[in-house]
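One chain, chain A, links the two complexes that follow: it is found with chain B in the first and with chain C in the second.
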Partner chain A sequence: MSQLILFNLFNGLIVGAFYALMALGLSLILNLSGVINFAHGGFLALGAYIAYTLMPYVGFWGALLIAPFLTAFLGIIIERLLIRRLYGRDPLYSLLLTFGLAYIFEDVSRYIWGAQSVPFIVPGFLTKPLSNSLFFLTGYRVFMVVLVAIAVAALFYILNRTRLGMRIRAGTMDLETVSTLGVNVRVLRNLNFGLGIFLAGLAGVLAAGLLGLQPTIGTSLIMPSFVAIIVGGLGSLPGTLLGGLLIGVASGLTTVFFPSATEAVMYVMMGLVLLLRPRGLLGEEGRL
Partner chain B sequence: MNVLEVEGLHTYYGKSHILHGVSLVVPEGKIVALLGRNGAGKSTTLRSIIGLTPPREGAIRVFGHATTHWAPDQIAGLGLGYVPEGRRIFPNLTVEENLLVPMARPGPWTVRRVFESFPRLAERKSNKGSQLSGGEQEMLAIARTLMLNPKILALDEPSQGLAPLIVREVFNIVTEARKEGVSVLLVEQNVRATVAIADHAYVLDNGSIVYSGPAAEFAKDEQRVRALAGASAEKWEMED
Partner chain C sequence: MDRKAPPLKANRRNVLKAGLAVGAAQLAGPFIINARGEEPVKIGLDNPLTGTYAAVGKNELIGCQLAIEQINAKGGILGRHAELVVEDSTSGDSSTAVQKARKLIDRDKVNFLLGNVNSALALAMADVSSEKKVLHIVPGGHTDAVTGATCHWNVFRVCNTTQMEANAVAPALIKNAGKKWYFITPDYAFGHTLQSGLEKAGTRLGYTKLGADLTPLGTTDFSSYLIKAEAAKPDVIIFLTQGDDMINALKQAVQFGLDKRVHLAGAQQELEALEGLPPEARIGTWVFEWYWNQPNVPHVAEFVAAIKKKTGRVPTARTWFGFASTWSCALAANHAKSLDAIKMAKALQGFELPPEVGLMPDKAFYRAGQNQLIGSLFVGNAQAKGSAPDDLFHVAEVVHGKEAAGTLEESGCKMTWPA
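The block that comes next holds the complex of A and B.
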């Protein structure tokens, strides 16, 4: 029994790490640009397919390193060409645009790489269990959690220790004042969008190694990521991280005790948070 | 030479016509005061100049560049520093982080110099912006703009809501900046303290300039001063 709980707890942690990685990117973009990026799951899938395409040439490690950057670059181009035009308008416009982009990405992936799941081969030594009793602890799963932790640490380092990060945080509160201080906010939002998409690309590569790769790989992650943002508190990135991990672990544990509620539990949590603490766990006062 | 020239501005918020042909100049190395009652259009004039609310008609030249329809960051990049009304400190950033947000134009101002010149900010450097007092926030707002190393400083009611002692400190900073060659456009409702340090004064009313003349002359015209300062501002008397 305790084996089963541990297994699902760890599974929940992994799923939660994905939610968090997705949700952090979504939050970055939402906080600075006011865009709810429904195409985030599409970028995740593209990241994974880019890695899949690169792998024969540069191997797993090379692909893992390069694909997130290429995905971020793609994000930067799309922000520059399309999304930027809708800043300051009714959020409905950007919602529709990113919704459309999500479908376009999915169909483009299907057209290029096919609708079937393609094999995504990770290095053999990573797939072995670390021990016999903890059979579920494969090297890849541990590796994934470590990599997500490193990515999150790097993100918070950028946000708290670099001028770019300080400007992003300042801009989420008062973009107008940031611009009067000589900061080009068009570039700032563009880079910030790229940063968010980088995280989606990384999540894509990691997820493909675990689940295999098909065009809809991002679809199942997008709604939980929005839930993570609301549970953690809109506007708070540490909250988003916490929200992602919490709902992941909660659905993992629910699998043990009440399997049919696995999908529903995160929405129940969201409902409870909205009832008891509308600004979310770590959300700031006044920001719903 | 004029570092800033504003000609015939007509600025709107949506359909409401706020500025009706505002013209003014800031000569190099001078402090120019822009006075006027609440709602006269002083803030709108500054917002037009820095590019936040571009005018529908009229022209703005900063160091000879026609900046009328430039973005705020491009105008700031020429060396026009703007200290907004109400300070607009980033509440979620520490004092030190607030100072690192501006674009780093070359010049004398560094974080180190700010902390030397504003010891109070040095003491509070790890505090969040939201934890500062009004006076500290005003100091930080000015210091943050100085980090841009501006050649023109446009301040919007820096004395608003501050105790008289702090107002003196703020005005001292402004005169110090001028000594270093910075030209100043000072928007104020604190008439007496302002005309005491300004070289030239404009008075704005209902979106139009209704007075323009040397500040010393304006200060002597007690009737005008009293009309503008009103009873509430009498307490802002400055010594020497």
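The block that comes next holds the complex of A and C.
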């Protein structure tokens, strides 16, 4: 029993790392632009499908490298053409827009690639377990965790050490002052949106290697990201990371005792956090 | 319009509301509106075109469309043109499915109702169709109750009951995989009845149940369930999940190398799922309800060719469900020489589908007093590569539906007819 709990704890961290990757992109956009990006799951699915389409030409590794950039590029275009127009308005407008985009993405994927799951094949050596007893530790999952770690490290480096990152952080705190100081807020938000969507694209490629790739893949993965943000605390990227890991572990452990509640447990956690610490675990005071 | 900007930052309450909305929105779906002609005989299809069951729903639709073309080419229904009216029921929202069923019956005045892939939605629709006294055929919703405890005189079903599937596949599971079973079961009507069906069939054959975990519909990560199942050391992990859940579960199990340690198998398997899996995960003992590669059965090749011409792919069991359901409507009307639902339902009691519609080794017939179609079931193994790119299942044995169906009493159906 203790081994089973240990296994599921460990496994939950792996799953949680993946949730965190999606939630971080969502959180970035939310923090700077105040847009609750419903289309995040749609971008995730597009990233996966772009990789699937590129794979015959550039292989898995090429696709893994190119697809997130193409997805980010698409994100930048959509931000410029559509989302930008709604900044500064009631959040409801951008909500409705991204909501509609999510549907459009799903149906476009269905139209182009079909409603049926397509086989997304990752290199054979990655899909084998590393050891016989820790069979849930496959090469692919280790690779995924490493990649998430790199992406998170790079993200925090960009935010803390580069000029762009500092502007993003400053903008998150007080956009009007940053704007007054001569920073081009439009470009800043545009690049920030692209960065968030890059993470969605990357998460999409990684997810497709693990799950079946179908048009609904984004919708089914997006809810844990929302929960991760609320549990971790709005406005805090470390909080989002923590939130992702926590819900991964919580649903892993729930399987041992009460398997049919594995999905419900994250909502229970969300409810508890909201009751006991409404700003989230690492959230800032005052962002209620 | 120049507006004063409200606070730029989204707050927690809005995020929460948004999260709730996105959750609810997964249940909604767009409308599909079809053109309507003059005074045709209408068949209303209320089936998923979006969501988890979009792929199988669309295949059923293609089968329906082919049948409509054939029916019209052969003179229509009672000499009138046949027309299909299509609505998206969504994959899981019974209130939408019911609303669409009412719309089809009240506004479009359909003569027949078809649907649903989702067992729960099929049951909800059956309540509407029996209240409105419309002949209703369920192409592909498997839970026993449709033609069991809550059977209706007007509701017929083409696909098998979960108990029939369980009875058909259980002996092969014991023979190929062993007696110690661990279930991974989707947490809704279909999963529950399929598992209890297998337990019944397994008990007769002396199996042992080592455990069973219910997984919520739409589960993406199965790793924690697989860890738990493996720890119980079963001979076989029985996957009862369907659609995308089946793909996610099997793909992860094979990546974990579980296929090298225990058998991975189950009951109902579909070509749609096998096509979505990487080749190494196309393994295990399963039952198919219809298969396209039946070289010795007359008319199957023509049907396969006709579907291939439409879609470029071979038909799946779902395509055949849609095809046989739609043809059943035409056959019922032409046989009863009437569009009166009661007369047509009477005409279908014990009615045998002609071979060009039945398309299986056994003669498929609607069992009188239950309205359940009984034909053949195809037990065998998934295969990475077959005689053709779409040949992903090896049929080891054809099980006669009559042997898998049990008695009419066992079905639990007590049919009452309107006065």
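As a working rule, the second predicted complex is superposed on the first by the 280 of 288 C-alpha atoms of A that agree within 3 Å, B and C clash if a C-alpha of one lies under 4 Å from a C-alpha of the other, contacts with A are read in each partner's own complex, and residues count from 1 in each chain.
To be clear about the criterion, a residue touches a chain if its C-beta (ideal position, glycine included) is under 8 Å from a C-beta of that chain, and two chains touch if they have at least 3 such contacts.
The shown structure was predicted, so the numbers you read here are calculated from the model rather than taken from an experiment.
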{"item": "Partner chain(s) touched by A:G114 [first = chain B, second = chain C, both, neither]", "value": "second"}
{"item": "Partner chain(s) touched by A:G239 [first = chain B, second = chain C, both, neither]", "value": "neither"}
{"item": "Contacts of A:G88 with chain B and chain C, given as first, second, both or neither", "value": "second"}
{"item": "Which superposed partner A:G212 touches (first chain B, second chain C, both, neither)", "value": "second"}
{"item": "First, second, both or neither for A:G12, with chain B first and chain C second", "value": "second"}
{"item": "Residue contacts with chain A in the superposition, chain B compared against chain C", "value": "C"}
{"item": "Which superposed partner A:G25 touches (first chain B, second chain C, both, neither)", "value": "neither"}
{"item": "Chain B versus chain C as contact partner of A:R169, first or second or both or neither", "value": "first"}
{"item": "Contacts of A:V227 with chain B and chain C, given as first, second, both or neither", "value": "second"}
{"item": "Footprint overlap on chain A, where chain B in one structure and chain C in the other make contact", "value": "none"}
{"item": "Contact footprint of chain A on chain C as seen in their complex", "value": "3, 5-16, 18-19, 21-23, 25-26, 30, 50-52, 54-55, 57-58, 187, 213-216, 218-221, 223-228, 230-231, 244, 247-248, 251-252, 254-258, 261, 272-273, 275-280"}
{"item": "Chain B residues touching chain A - in the complex, by the definition given at the top", "value": "50-52, 71-73, 76-77, 82, 84, 88, 90-93, 97-98, 100-103, 105, 144-145, 147-148"}
{"item": "Contact set on chain A toward chain B in their complex", "value": "163, 166-167, 169-170, 172-174, 176-186, 284"}
{"item": "List of chain A residues in touch with chain C within their complex", "value": "3-4, 7-8, 11-12, 14-15, 30-31, 33-36, 38, 87-91, 95, 99, 102-103, 106-107, 110, 114-121, 127-129, 132, 135-136, 138, 140, 175, 207, 210-217, 219-223, 226-227, 229-230, 234-235, 251-252, 255-256, 259-260, 262-264, 274, 278-280, 283, 287-288"}
